[in-house]
Each structure stands twice: as C-alpha cells, then as structure tokens.
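Once you scroll down, you'll see the structures, which are given as structure tokens.
What follows is a pair of complexes built around chain A, which joins chain B in one and chain C in the other.
Here is the complex of A and B:
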C-alpha cells in the first residue's frame, strides 16, 4: 500500500512538474507582476534613490519647502572639497584661505558661494571661480544614492532636518526601483481609455464569435453535410485555408486588397472612385476588416467541430425524420441543432477565450488603428507591457491587464456553462420501469 | 393503397443486393417479408419508403409512380430495425414529431400522442428520453411514431423483436387490428414465422435478393415451391432425407427406405432427390414404416418432440401428442405419411 502510493507519486511527478512550470507559473507570475509598478524606468531588479525632477514634483504636494530646497543647488565648503581643490593644483592660497575662513560654510545658491570665492585674496579669474564652485557643489539633484541611508546622510549634511515620517516620504518619492502596489488596478478601473478598450473588446469578441465562429461555422458544417462527400471534402479544405495559411501572409493578402493601390481601390477606380486605404480610413472600416479577417480564420475550427458532430448523428435519424415528413430546414432545426448543443458550447467557450487572448491579427493588420479605434484588451496589454512608441514599457500595468483578461475568461466560461445548462447535457442513468 | 414493385433492382456501388424483384401488395393487405439475415429485406423497405432510390425498376403506390418521389411526400410510416428514435427528444416529442413537422397545433399533438401512447402501453413514459427506456419500450415508441399520422403504407422492420412473449402476442393483435381498421397497406419484416403466419394475409419468402414464393400462410406451408421455403416455415422444422429415384419411388441412400410417390413418375432412375417430411407427418400413424433410435426427446407440454436417427445416420423429427412410453435410446418403428411428404430435385425445386 505504502510503496504503491509512493510509486504513484513518483509516476505523477513529471506531470505535476510540467503542470506547475508551464500552466500555473505563467499565471502566478502574471499575478505577481500585476501587483508591482515595474516598468522600463524601474527595471525589474532593485533600484536606487535619486532626486530626479519628477521626484521633486512628487514631493511638492506633501513637502513643498523641502522640494523647493532640494531642487536648488547647495554649496558646502568641506574637507572633501578642499582636498579635491588642492589636487587641482591651482594657486595653493585658494585652499588655504577657504579652509581658514569658510570651512563649514553652507550657501543656498551658487551666486552666494561664488561671491565668497571671488573675494579670495589670490583673486581667481572667472573660469577658476566656476571650477572651484563646482567642486563645492553638494546638490542632491540627480545624484544617485545606492542606499536610503546615503541619501538621508547627504540631506542632513545639506541642512535639511527631517522627521522619520518625512524621511519615509522622501525615500518613497526618490526610489527608482519597483515597489509592490495595487495602483495598476485602480488605474485600470478609473481610466476612460481602458473603458473604451473594454467596450472595443466586447464588441469585437461578441460580433466575431456570433457571426463567424458559431453562425458561419454552423452554416458551413450544415451545408457540407448535405453535399456529396467528395464535394464536401473539397469545400472543407478550401474553408480551412485561412487557418493553415501563415497568418502574416494571410493578412498581407488582405492588405493588398485594401491598400490605396490595392485591389479594391484599383477596381473602384474604374468607376471613378478615388483610391483610399480601406483598412485604415475609418474606424468602421477597420472594424469591418478586423472582424472579417478573424472570422474567416476562426470559423474553420467551428466548422470542423460541428461537421464531425453532425457526422456522429446516426444516419437512421436522418432517414427516420425524412420518412416522418421533415423538410431539410426542419431536419436542421429539430435533429441537427439540438444535438449540437455541446459542440456549440465548446466552440463558444474556446473561441471566446482565444478571441480575448489573441491580438496578432489586429496587430499585423491595423495595429489597433486608426488612432486607437481597434485597440482591444490583449493588444493594449501588449502595447503597455511590451511594445510601445514612448519606450516606457509598463510591465506591472500590462500584467494587471492580462490578469483581468484571465478573470474575465473564467467568469465568461462559468456563465456559458450555466446558459447552456451543462447539467442537462450529461445523460442520466437508465431508470428501470 | 396497393404497392407494386416492378422489376425493382438495388445495388450499392458494385454489390448488387436485389435484382429484378416483382412484388405486389394489395390495398389493405398485410404482407410478411421473411428471409434469412442479409437477404435484402431492409433494403426493400428502404426503397419503398424512399430512403434508397432504386437502381432500376419502378415503385408504384396505387397507380402513382413514386419511384423518384422523396420520402417526405410518400406518407409512409416506418418502424426501423434500430428504432431510430431521436435521443434528444422526450418520448412525447418523438411520437409527436411527424405531426410537429406538419405544423399541427400543439394541443392536437398532445391529444393524439396520448391516445396512441395508451394503445402501445407507454403512456406512463411520455417524459422520458429514449436512453431511459428498455429496448421493448423504445420499440413501442417507434411503433407509435410510425402510426400517429395515419400513413397510407406502414413498413415494419422487425417491430416486435425485443418484446417479451406476452407483450408480443398483445402487440401482434393490436397492430393487426389497427391495420385492418384503418385499411393501411403494411409490410412486416420478421424472422419469426409464427408472427408472419399469424399476423399477415400473405407471406413473401426472400432468399439472397430474390422473392422465392409469395402465398398465404397455409398455402406456403402446405405447398412450398422449394426446399428452402419448406425448410424456412414450420417449427420444429421439416426433416430432409437424401436419396435417389428408382421406378417412380424415392429410395434412401442405404436402400432401407422406399417410398412410391406420384410426383416421381417420369423421373429418370438414379436422379438425386431430397425427401422432406414435416414432424407431424412422422409418427405412429404413417403408412411407410421406418426404424431408428431415439436420440432426443423433449416435452413441450401438449406435445412431445423426438429426433429419430436412421441406420444411415440421417435424422427425422417427429411431433406427437404427449406419451411417456418412449425414452431416450429406445429403438422405434414409426411411419411416414407418404401423401404429405415433399420431394425436391437436387436444385431444391419441388417435384
């Protein structure tokens, strides 16, 4: 008993490891990334503390005085600076006099510091004044500190006396690495752009799914069912072509057709219609083609599933229904469609998920354009996290968007199961009379 | 409505199943189609109801040529051998289907379904799906579905095969009564000769795609045209003895049995023959004595069955009123009723 259980565990281990690595890990990682603000700016490893202009901006609301002060250059005559000055081998009197007269002096601005430097007995010329003042520039603006303490010590030296709470605020504002946050989700919830993308996605999925992946696929399956088997095979093969053509080439064909010097334009030019890019000239047209492209690719799967499901219906049922007087249409309505409930549910679920998750066709054809009119959720996640023009890739926000997609997919699947009354699709055991 | 098959042929690709079949079923008649498995009974029915198009020949309903008419326009009720119920519909929907597609009002359908379901005793099962029914119950649903829209022609492909003995008797008379009342022309395919003989006006016996003989049950029994027909009808079946013709008599292979038969006058001596003796024509009353050993004895209640092995090894069956003086292993001397014996030529035709 014990050994067989251990053996069982050993046997199942490879599968368990595979499931963990390739099925659970991506979701878990997505969830983890979604809870951070990782981006190109923060990097994905730890960061540093740096008083950047934007950090100063962030501080302005909470600590306006500090923000203003920190932004200004500060000049401090200290031993470090003096040693550096000596190493420059200018007139030795500069260093000597500064050490004697001004050691410890803090100047809130360059002008004040340079006034004292100019007043030195050895009379530095303008270039030397600048050189010397640069040495004593102790501004924190744009200086990188490897640790929080280094930043705080530096601020302290410059005369900013901060309470621990204030220190925390400054630390948060100046940290350049990623941090844990749930801000991504509030960003998604509050952004009108995101709402628009959500609406786009809903329309795209619903229309493609109902018109093509289910209805058109059903139409193809039913029509081929009533064809002689050889003809049916030929038609099925033709209707599979969009699926088996590499998607880049298939979309290139559509582009050739819709470009301003493409087929449609050339054809309509015969009738005096000026050429234009039909794919991108209006949001309406862009949607039209995006749905058409995805529909023709997606319908093939439904067609195959429905065809084989219809094939599985025993011939005698068709015979019986003919004898019973059913017309073709009645056969479809009463015999075929009711028995396709499970395949339709399957295709609906599967295609909803794949439509939600796939964006390559849109990416290759309209790139979400014109403007952002054909931007759908997965494409937006891709743009946010992995590919955009500004160059700041927001991995955290992108991951949060992807996570939303996963949740939406799960919820939709559950709804479908209810709508199709999954329980009634499972036959009950035989009850004896 | 009369059904006429005129030189009807059917082949599937290169395999020819039926060739030049002629068959007429009179209006209001019920005909049994009897024959071994694979002889083409279902194929014939499928052609009559329009599922298969004949390869050649014509099919007439009355005087109307329906050869190229689709099933939907023939008004034929069919009980399929495999029932062919619709698994996703309830019993009620299954039975009502022929009316549903005719757009009969739902309340009418409900009423008619209830009536016909009561007739075949499944009125308590109307809400079930076919998968929740026993084989016999499914068969009755199929029967109800075929009957509900009062077809001109009713085709029954072994409609009672799965019923128990009592229900089968009951359904036999129900179907027969319904058929007579409504005047439907019916063809019944069956393997059960008792069913064929008790239900039908006439019997057609088929063998590998051909009709061997069409006759009333009693004619068929008393006057079989071939050894095949004689062997097919009768339970327990007829016994055959091999022999030759000699001086207008049948002589068994070992010469011990000799029987003068009027049918053999003018048959050349030495012609190979087969003698057919029904079990009821072999017993104490027969005029041609035969000696043998009882190798099988069985009582059926009212009657006893015996197998008697002759010295040359051939077996004759006998059925007699119950008696208990004969037991297994006894040597008996019983007689064959020569007037009722059939003699067949080597190719099986009756002489």
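Here is the complex of A and C:
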C-alpha cells in the first residue's frame, strides 16, 4: 500500500513540478510583484543605500543636522588614508609625496583632489588616481553602499552617532530599491484613465464575443451543416485561414488594405474619394477594424466546436422533424440550439478569457491608438510593465493590472456558469435514471 | 625512416604549442555596445567604438601589451524595444558594456544601479573630455556625479515650406528674416496656426496638413510647454505648471479645431510622415536637426535650403521661443569586470575625439559635442551643421535628469494625446494629469 502510494507520488512528480513551475508560479510571482513599487528606477533584484542629493533633501526636515553634515563631498589627505595607500603597494613615491606636500589638504570635490594626485611626480595613471582618491574620500555622498550596515558604519566613522530610530529614517531615505506597497491598487482604482481602459476592454470583449466568436461562429457552423460535406469542408478551411496565418502577416495584410496608400484608399480614389488612413482615422474606425481582425480569427474556433457538436446530434432527430414538416429555422431553434448549450457555454467562457488576455492583434495593428482609444487592459499592462517609449517600466503597477485581469476572468467564469445553469448541464439525464 | 615522422610531429607540436603561447599572451576582450533610436544614418554611434578600439589596440601595442578588442555592435531602430531589451538584459546581468541612449535614462538607471559613473574611470580634466561643452556634461550628470559622456547633440527646429510661405504673401526677405523674428518673439505659435490655415484655405495643402507635427510621442512636445511658459524642473524638483500645460494642451486642441492638424495624427505610419514632409505635402512642421540627413539622403529632397526655412519653436502666450536638445550619452553598465569597464571607458573617451565624433555629427546631421569639433573640416564645411549650431544651440533646453521624469512624461503625454484626439478637454486633461501626478509622484513634484 505504502509503496504503491510512493510510486504514485513519483509518477506524478514530473507533472506536479511542471504545473508548479509553469502554471502556478507565474500567477504567484505576478501577485508578489503587484505588491511592490518595482520599476526601472528601483530595479528588480534589490537595491543599495546611496546618499544622493535628493536623499539629503528628504532628510532635511527630519534630521537637518545630519543632512547638512553629509550634503557636501569632502576629500581629506590624512594619515589614515596614507597608511591605507601604502598598504595598496602602488608606487611608494605616491604616499611619500602626498605626505610631504599635501598632508591635511581638504578638497570640496573629487575633481580637485584628483588634480593634486595627478600632479604627483610618479604620474599615477587614471586608474590609480581613482584608487587613490577613493581612499581619501571622507564623505558618504553618492557612494553606493551594498548593505545598510556599511552605510551606518561609514556614517559612524564620520562622527554621526545615530539612534536606531534615526538609522531607520536614514535607511528609508537612502534606499534605492523597491519596497512593499499596496499603492498600485489604489492607483488603478483612482485613475480616470484606468476606468477608460476598463470600459474599452468591456466593449472590445463583449462586441467581439457576441458578434463574432459566438454568433458568427454559430452562423458558420449551421450554414456549413446544411451544405454537402465536401463543400462544407472547403468553406471551413477558408474560415480557418485567419487562424492559421501567422498573426504578424495577417495584420500586415489588414494594414496594407487600410493605409493611406492602401487598397481601400486606392480603390475609392477611382471615385474621387480623398485617401485616408482607414485604420486610424477615428476611434470608431480603429474599433471597427480591431473587432473585425480579432473576430475573424476568433470565429474559427467556435465554428469548429459548434460544427462537431451539431454532427453529434443524431441524424434521426433531423429526419423526424422533416417528416413533421419543420422548417430550417425551426430545426435550428428547436433541435440545434438547445443541444448546443454546453458548447456555447464553453466557447463563451474560453473566448472571454482569451480575449481578455490577448492583445497582440491590437498591438500590431493600432498599438492602442488613435490616442489611447483602442488601449485594452492587457495591452495597457504590457505597455506599463514592459514596453513604452520613455523606458519607464513599472513592473509593480503592470503586475497589479495583470492580477486584476485574473480576478475579472475568474468572476466572469463564475457568472457564466450561473447564467448557463451549469448544474443542470452536468446532472444525469432523468430518462436513464 | 621512422625518425622523420617523429621529427615532423615533434616540430608540429612545438609550433602548435608556440602558437598557443602567443595567443595566451594576447588579451582578448569583448566589448558590446548597443544604441537606441539609430536609423541608417546613425551607424557611427556604434562604429565609433570600433574605430576607437583600433586606436586603443595600437596604443597598447606601442606600450608593449597585446590587446585584442572584439566590438559587438547592436543598433536598435526604435526606442520602445531598445529600452525594454536593455532594462531586462541588465536585470538578467547580461547588459552590454556600453550603451548609447537618451540622457534622461541616467536618473532611473543610476538609481537602480544599472550603470556606473564614467567619472570613476575617466579623468574628466583630460582631452578630449575637458573640451566638451559644459552644458552637455551637465546633462550627462545626475546628483552631481558624471555618469555619461555626451555622444551627440541636436536641437529641434520648426520647419516652413518656403514656396507656400511665398504663396501666402511672404517675400524672400520676410522668409529670410523669419528666424530673427521668431527669436525675438514677434512671430508666435498663434501665427503658425494662422499661416497654416491660410495655406489650407488657398488650397496649397490638404486639410490637416497646414501644421504637421511629429507623429508620435517625443521630447519635442516639451518645447511647446516651454513656449507657453512652463518649466520642467527647478532645484532638483519636477515642476508641473498647470496654466502653461493647459495652454499647451489647448493649442493642440485649437489646431485640430481649426482643421490644420489631423485629429488622428498620432500613430500615423512614420514612413508616410517622412515622405509627405519631404515632398511639400505639409506646410509647417517641426522636427530635429537630424531630419536634414533623412530628408536629403533617404527622402530625395535635393534642394533643402531652397525649399525649407527653419527657426526656433516660436513663443506662445507667457513663454519664449526655444528649442530642445536631447543629447545621447554613452553610458557604462554595471556587472562587468573592472578591467572590461575600464577598456569600455577608454573606448568611449577615444570615440569622443572631434574627428571621430564629427563622422556621426555630419552623417546623421546631429550637432557637435565640443568647440574643436566645429573646426574639423568635415564639420565646418557643412552648411547645415554650422547654421543649425549657430541659430539653435544657444537657445536649447534639455529635459531634466530626474529619476521620476519618465513617470511625469508618461502622464503629460497621455493627456496631451487625449486632448488632441478630442477624448478630453484641455481643462479635464490638466485636472486628470494633476490627480495622477499627485498620487504617483507626491512630494517629488511641485504643482502650481
């Protein structure tokens, strides 16, 4: 018993590891990222402690004395430094001459200190100059400390005795990395642009789904059902073309058709219509094409599912209805549709989720334009977290947006199950009981 | 009989050994360099590093060291993908040694520790670094530390199609005097709108082509904010001037309302934009000094000076005529050995020498980085470079190096675009921007 259980564990382990790595981890990581303020400026891998001019500004209100004390760079040629220099085993002349000529020298900037170091008779090269000036640096300004303790030790050496509370203030003000925060969600909730993007997403998903992914797919499935099977196969293959064409090429074709110098413009020019960019002319135009592009790609899947579901309906039902004198419409209404409830639920649910998450067609065609009129939630998350002109990648905010999408998807799925009365779909048929 | 083959193989082995010994003493260093926003005219952004490598190798040879530098060049055409690739590569510890990018990246990248200051590796008092324009060095600094070496400079003029200016009543002398009038504030953005309208009313250009701005987000639009009296940064703090931003947003809304600029102008295919301004489809437009290279080299505008006048961006209400310089800088990334970074720094220094930098400046119609560069024959004999330097550069502002500027920019642009396309009124846009700036930047921005 025990061995068979162990064996079962071993057998399932590869799958479990895969599920954990590729299915659960992305969501977990997204949730973790969403609770941070990670961005290009904070980095992902953690930060350092650096007393920059802006950190000094932040400290001015709480610790004015310290802020004024560390605000200026300071280089001092002193005995400690000279000993350290000798230990470096560069040319001995450096330390000797510095001790003889410059001991006690104080410089308000690195550049000025280096001017004296450069002028030493033994002519240190640039690298040595930098090494030497580092030794005599007696300020913490702009130095990057890899740990909090290193900064505190340096401050301590410079004569700033700080209490633990003060140390915490300094640490907070100088830390360059990311911190935990829930601000991303309040930003999303309060931004009028986010609301607009949400509305865009709602329109995009609802219209594409109802018009194309379900209705149009259903239309294709039913019409091909009534065709001779060879003709039907040809038509189904044609309707599948948008799905099997690489998306970049498929959208390039749409662009060629809609650009100022594209097919539509050239064709209409024959009738004296001035050329224009039909894809980006107005928000309505952009939506029209975005929905068309996505709809034609998406409809093929519904068509396949519905066709096979219709095939599964016993032919006898159609024959019987024809004996009863039912019209095509009556067949559709009373035989086909009632038996397609399950596939329609499946397609609606599945396509809602895939429309919510898909943005590549919009990214390639309108890039969310004109303005931000076709910017949908997933595209906005991509732009925020990974790809924008200013290079200001806000990983935290983008992850929070992605997380919102996961929640919306789950909620919608639950609603669909309710609307389609999932429980009745899975209950056993009464007749066989 | 058997001696010979043994002897042969022994000799061969010795030769082989000796050759590996030579190779071992030679130092192979691979230096990778990436550049953003680099089109076909900008190849010297990365090629200059290769030229520098050749010189550095020769210098090493003279000192008796054998140094072999392999330069891996990766120019990116656009900015979005370049910045994404670089940031993610750096997070994965795979950043290139040298990167040529916009100076505004210094702030965030320095804070996240993605780049190291060049002043840790180079003597700024030495030639040619001490010869670089001080304001450019300033733009390459962050928090008082010099992080980058300027790679180029430029400025962004307003362009006028001369034949159309004449057709609406300007004489040759008027057009000649236009740059001075703009500089003095006598010809303003209001006049731009009016003249654009006149060109359209006369049927010289199609509707929406009177004033034909940049077709995508860019630093250019901060110029209009400056024209209307806005300031980007003061004493290390970002500034959002509500009134100036309102006037800026309103101006673009007015342009669309007057029909001289298209409502859906943003997002227009770039190639189309270039072709149109090069062939006189647009009346007035704005761009950058480097546009000269593309218009003349790629777009076939042979008689540039006969067809085009250029000036500063005219003043608007409450501001002054200005232009913006957006220098690219060479930055050194962290995560490499000290030795590699030192070589990378030396290469950047050599690449900044006047003659090498002038190759880029003239080929791409950017401006030089040092006074001595303007004396290099190639540069001084180029009409565009000398006129643009003289007319524009003294009035050039730059975007601030501030770790939060990217956020400010994103918000500013988003709302400008919304006003432009009519999705928001200028007042709502300013209010939305204010709300978002307050919530994202808080005390780091002054709102007034």
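Details
Everything that follows uses one rule, which is that the second predicted complex is superposed on the first by the 301 of 433 C-alpha atoms of A that agree within 3 Å, B and C clash if a C-alpha of one lies under 4 Å from a C-alpha of the other, contacts with A are read in each partner's own complex, and residues count from 1 in each chain.
Following the convention adopted for this analysis, contacts are C-beta pairs under 8 Å (C-beta built on N, C-alpha and C of every residue); 3 or more make two chains touch, one makes a residue touch a chain.
No experiment lies behind these values; they were computed from the predicted model shown.
By the touch criterion defined above, A:48 reaches chain C but does not reach chain B. Of the two partner chains placed around the shared chain by superposition, chain C is the only one that A:389 touches, whereas chain B remains out of contact. Of the two partner chains, chain C is the only one touched by A:261; chain B is not. Judged by the touch definition given at the top, the superposed model places A:157 against neither chain B nor chain C.
After overlaying the two complexes on the shared chain, residue contacts for A:335 are found with chain B alone; chain C is out of touch.
With both structures placed on the common chain, the touch criterion links A:148 to neither chain B nor chain C. Set against each other, chain B and chain C touch different numbers of residues in chain A, with C touching more.
If you check the complex, the residues on chain A that touch chain B are 314, 316-317, 319-327, 330, 334-335, 338-339, 427-428, 430-433. Residues 39-45, 47-48, 50, 52-54, 57, 73, 110-111, 114-115, 118, 126-127, 129-130, 141-142, 144, 176-177, 186-187, 190-193, 196, 259-261, 274, 277, 280-283, 366-367, 369-373, 386-394 of chain A are the ones that touch chain C when the two sit in their complex. By the touch rule above, chain B contacts chain A in their complex via residues 46, 49-51, 70-72, 74-78, 80, 82, 84-89, 97-98, 100-102, 124-125, 128-129, 131-132, 134, 137, 145, 149. For chain C in complex with chain A, the residues that touch the partner chain are 79-81, 83-84, 86-88, 91, 104-105, 107-109, 111-114, 119-126, 143-145, 206, 216-218, 236, 263-264, 266-269, 272, 342, 403-404, 406-407, 409-410, 414, 417-418, 420-421, 423, 432, 435-436, 439-440, 444.
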